[in-house]
């Protein structure tokens, strides 16, 4: 590492939040307690796709100790939110689009009473066909999850001339890659507390990765100016992208508005995992060509994804994955066509990497396949194609600084030679001779 | 349901808590005694965030009813620090960079305290074993294991 | 949690009186690692909860007249740490030291594991492989029976013979003669800690002075409702000179038995049958090593 | 039988949102006693964005890390921070803090220049001291400077923001400048596969990350170690199961969704690689997501290397491994 002589950087300092965390005084959202505080809970759908025909909240409302039971009619402002497309309801107003959609909310004096009240709410559904695959979503006669198409978002990247490039290739490899749906499993389940302060400002203290976005959504839902809402991030127990969407913010604020009392919501592990976003499962059909020297000539990838019931960060994932589909390698001809669909599956969203982990499964698989076909070592083919200052990526952008890729390759190799020499030997060998 | 009174020692002080029997030790510590360092991450004894030292042994307080604490000696993270200052394990967690989101930290530190009380010079493997009931999603455990070894070394007067 | 009344008796007799009084409306806490979760999720809704932790007379591990006697309230941690168990009964040592996590092992008890009779109970699989005896007590009396008979019975919970007012108090089995008998347990799971067994394989083998197998017990936990009994495999070994090759010959039989038993679960049977053979290969190597018969290279 | 395999995984990662504006801001004030308030919108979720903000402020202002107090992620007081996502806070909030500090330094420099009689451009602010880069003996302490500021009725305050230099991408072919800078990484990872049971043991992983300039070494290492573990789990243990009928998640608990314990993770050797650049604060780039990515393809490749399989899909569970191994034995036998 050659670096400037920094006074503070590139050294170790005790993190600013460490002391309170090791002392146990750090306040996570569930740790807040306020006088007169209520506990909140959500009545959720147990079907994936249905119209709500009847909703009976009277028995729950009649339970002593229950402060409010609210459905979508209680929302004073907008009942649609979402980081990019506003397609998710705070409380279901037209139809249920996934298992676990929020239909009603309850605030009561104790968590036990919340549980009991939720059990008293009655709902009647008119069930619709549930779309559970990308393929079914794309069929013309399939029911539509939103609007009149199940196409959530598409992207097309085109660079160079892919169709003409294949004849310049000495070797072409073609494979289909797929990744699965995963959960962030941040250790702290979602939680938050909302209250109106003495100035009438709605305060929301919440476990979140994006307080300013939360503020805007709470203000829109309440129909008040953004400066009448304060969102304060509680100490947050991990996120990994899973706390970028709205969790309890809107429900807490809505009930605090109606009851004029602080309302705390703490999701159980199951509820948290059930309704927070998931990693997009992506299928990538990819054709890659190279010269006999191992230089990449062309990449063509068709990418599809079942993004689940709501859009969340899908437009961000589908924007990022094509740009990264070749990996950190030079390639003069690239095409990537991507289609993400709405289904009634669990909602996918932001998860550490935004589609690049999925793309990496594809581009690294293809590099290994090429190495095998060309009888080169996996390290060698990567070095031959590595980005450097002056390389151009498939959007036409030239890289002008800070491209340390080759250094990561050589430094990883050298460290491996030291700590895992036999393992590195296997990597340096070509495929010849096989196993 | 008849309320019960639980007499126990919490963080070196005797307490008597009148409580409904359908509460867990976790609830009693957090709600009745306001010891909110005890975290609830999974409610099934899996993540270890609610770990407390119970009669000298680390246990997950979500798997214990409040009534079972009768007569017990219980330590939470609030009872670890010395005169409001971090003890050797807490300091080592800070110095080793073992704290990220911090939600697993209380359980991690208590498990480490219980380990070091019995085994002041654990091997790396023993530390990994001892900490294997505390899930962490941020650190990959490397710096946590490092912190426990560092604390052991410092406690023995090494550094 | 639904409301309930809570009792923490300090003697077995006191506990039995309470169980007799409240019968079906009682839930008993041995370790709590299952019951407290069920209570919390409203899956168990008893009117009365009886905690056994305060009953000191149920917490022991001792050897008496060549018999291991283990109190129901002995924790997994205490069994895993017990020197006699480690030296003489590797199967129980290896099963209990891998239950859940350190925290769970400090709470969970062998009696609870057996009384719960869950599909993937490691302590249960080990005790079944050992063909241990269990002692049950109620105000009506005491009965001792083999653990297999215990599991075969239909009591209050349907999962074993225990009546509503009956308490499992002791597990016992003869101390193995480690010169001639070896025991082993292998836990195949999805991770190295905090894991539920995918397969918990247990094996006990006795040989005579000539190395001929005189007794074999082979069980596979989590392969069925109760630890699967590979009786035909055992029969094939008994009377043979023990060797890795001889032991490997049992695997096709095991394969077919698992395939047959899991026909209704086609999605899991492939791995169960292949994985079980992998598990038993490790057990064979372990047993042969303990008896000093053969070093098996993996 | 136990077989070992090695895999390599590489990646690059554009820091910040893709071809979209995504600014973040910061406020700073140096108080009369030289302690500092830095206020940022960035949500710190434990990864260390606030520690980063304190470090960048201290480096820029010429103060010590301990002098800085950071307030974060309270919309009542803190300016827009944007999301803690896309590995963007070190780059974007870091630059915002640097810009805010530089604004605050306008008055500090003017005052120091007057007091020391040194042109502003020759002044060095470092570790609580201000001196001339021509003659280091011409110097004053920060408290002396703040006293002078007080006498002259000047305040050291600044607001700053930063928006990455990107362009919107073409709707036709996605051409344009999607990100201002990119992080790079390489991971080499070794596994041991039990062909009888399909169990995978993660042995060692070397993961080298070009972060431009590391703000803090342990901060970067912690990201790499955690990311590497999460990436291996991505391949061999984690999976959400969805009920085919209700489309509900069947395993929403930590007992059924399997993340790694301290006994499962590989031994990770993190390598912090630096590279030269001007875009990030002092050349720093993001590492949060890059930390995760390369161990995913490296794990797949290592398993394929160990048993000669050609897995192209995740997850790879023990049953898949046993099946692949058996099939391969069949074709070879």
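Order of writing sets the chain letters: A, B, C and D. Residues in each chain are counted from 1.
Going forward, a contact is a pair of C-beta atoms (placed from the backbone, for glycine too) under 8 Å apart; a residue touches a chain by one contact, two chains touch by 3 or more.
Every value quoted in this text rests on a predicted model; they were computed, and no experiment measured them.
Colleague: Write down the chain pair with more C-beta contact pairs when B-C is set against A-D.
Modeller: Greater number of contacting C-beta pairs: A-D.
Colleague: Based on mean C-alpha positions, I'd like to know which chain lies farthest from chain C.
Modeller: D
Colleague: Measuring centre to centre with CA averages, how many angstrom lie between chain B and chain C?
Modeller: 30
Colleague: Roughly how far is chain A from chain D, centre to centre by C-alpha average, rounded to an integer in Å?
Modeller: For chain A versus chain D, the centre distance works out to 17 Å.
Colleague: Any idea how many Å lie between the Cα centroids of chain A and chain C?
Modeller: 42
Colleague: Let me have the rounded angstrom distance from the C-alpha centre of chain C over to the C-alpha centre of chain D, please.
Modeller: Inter-chain centre distance comes to 47 Å.
Colleague: Which residue numbers or ranges of chain D touch two or more of the other chains?
Modeller: Correct list: 45-46, 48, 218-219, 227, 230, 253-255, 259, 261-263.
Colleague: Going by the contact rule already set, what residues in chain B reach two or more other chains?
Modeller: Residues 22, 41-44, 46-47, 97, 99-102, 129, 132-138 of chain B touch two or more partner chains.
Colleague: Where in chain A do residues touch two or more of the other chains?
Modeller: 12, 15, 17, 112, 185, 236-240, 269 - these are the residues of chain A that touch more than one other chain.
Colleague: How about chain B: which of its residues touch chain C in the complex?
Modeller: 1-2, 4, 20-24, 43-46, 48, 51, 54, 57-60, 62-65, 67-68, 70-71, 111, 129-130, 132-135
Colleague: Residue numbers of chain C touching chain B in their complex, please.
Modeller: 1-6, 8, 29, 31-33, 36-37, 39-41, 49, 51, 53-54, 77, 100-104, 106-107, 192-194
Colleague: Looking at the complex, which residues from chain A come into contact with chain D?
Modeller: Interface residues on chain A, with respect to chain D: 1-4, 6-13, 15-17, 46-48, 83, 98-100, 130, 132, 155-159, 175-183, 185, 208-213, 215, 229-233, 236-241, 243-244, 269-274, 278, 316, 319-320, 322-324, 327-328, 344-346, 350, 352-354, 356-357, 360-361, 363-365, 367-368, 378-379, 382, 387, 394-397, 399, 401-405, 407-409, 411-413, 415-416, 419-420, 422-424, 426-427, 434-435.
Colleague: Show which residues of chain A lie in contact with chain B when the two form their complex.
Modeller: For this pair, the touching residues of chain A are 12, 14-15, 17-28, 30-31, 33, 112, 184-189, 235-240, 266, 268-269.
Colleague: Which of the residues in chain D come into contact with chain C in the complex?
Modeller: Contacts found on chain D: 1-2, 194, 196-199, 237, 255, 258, 260-264, 318-319, 322-323, 326.
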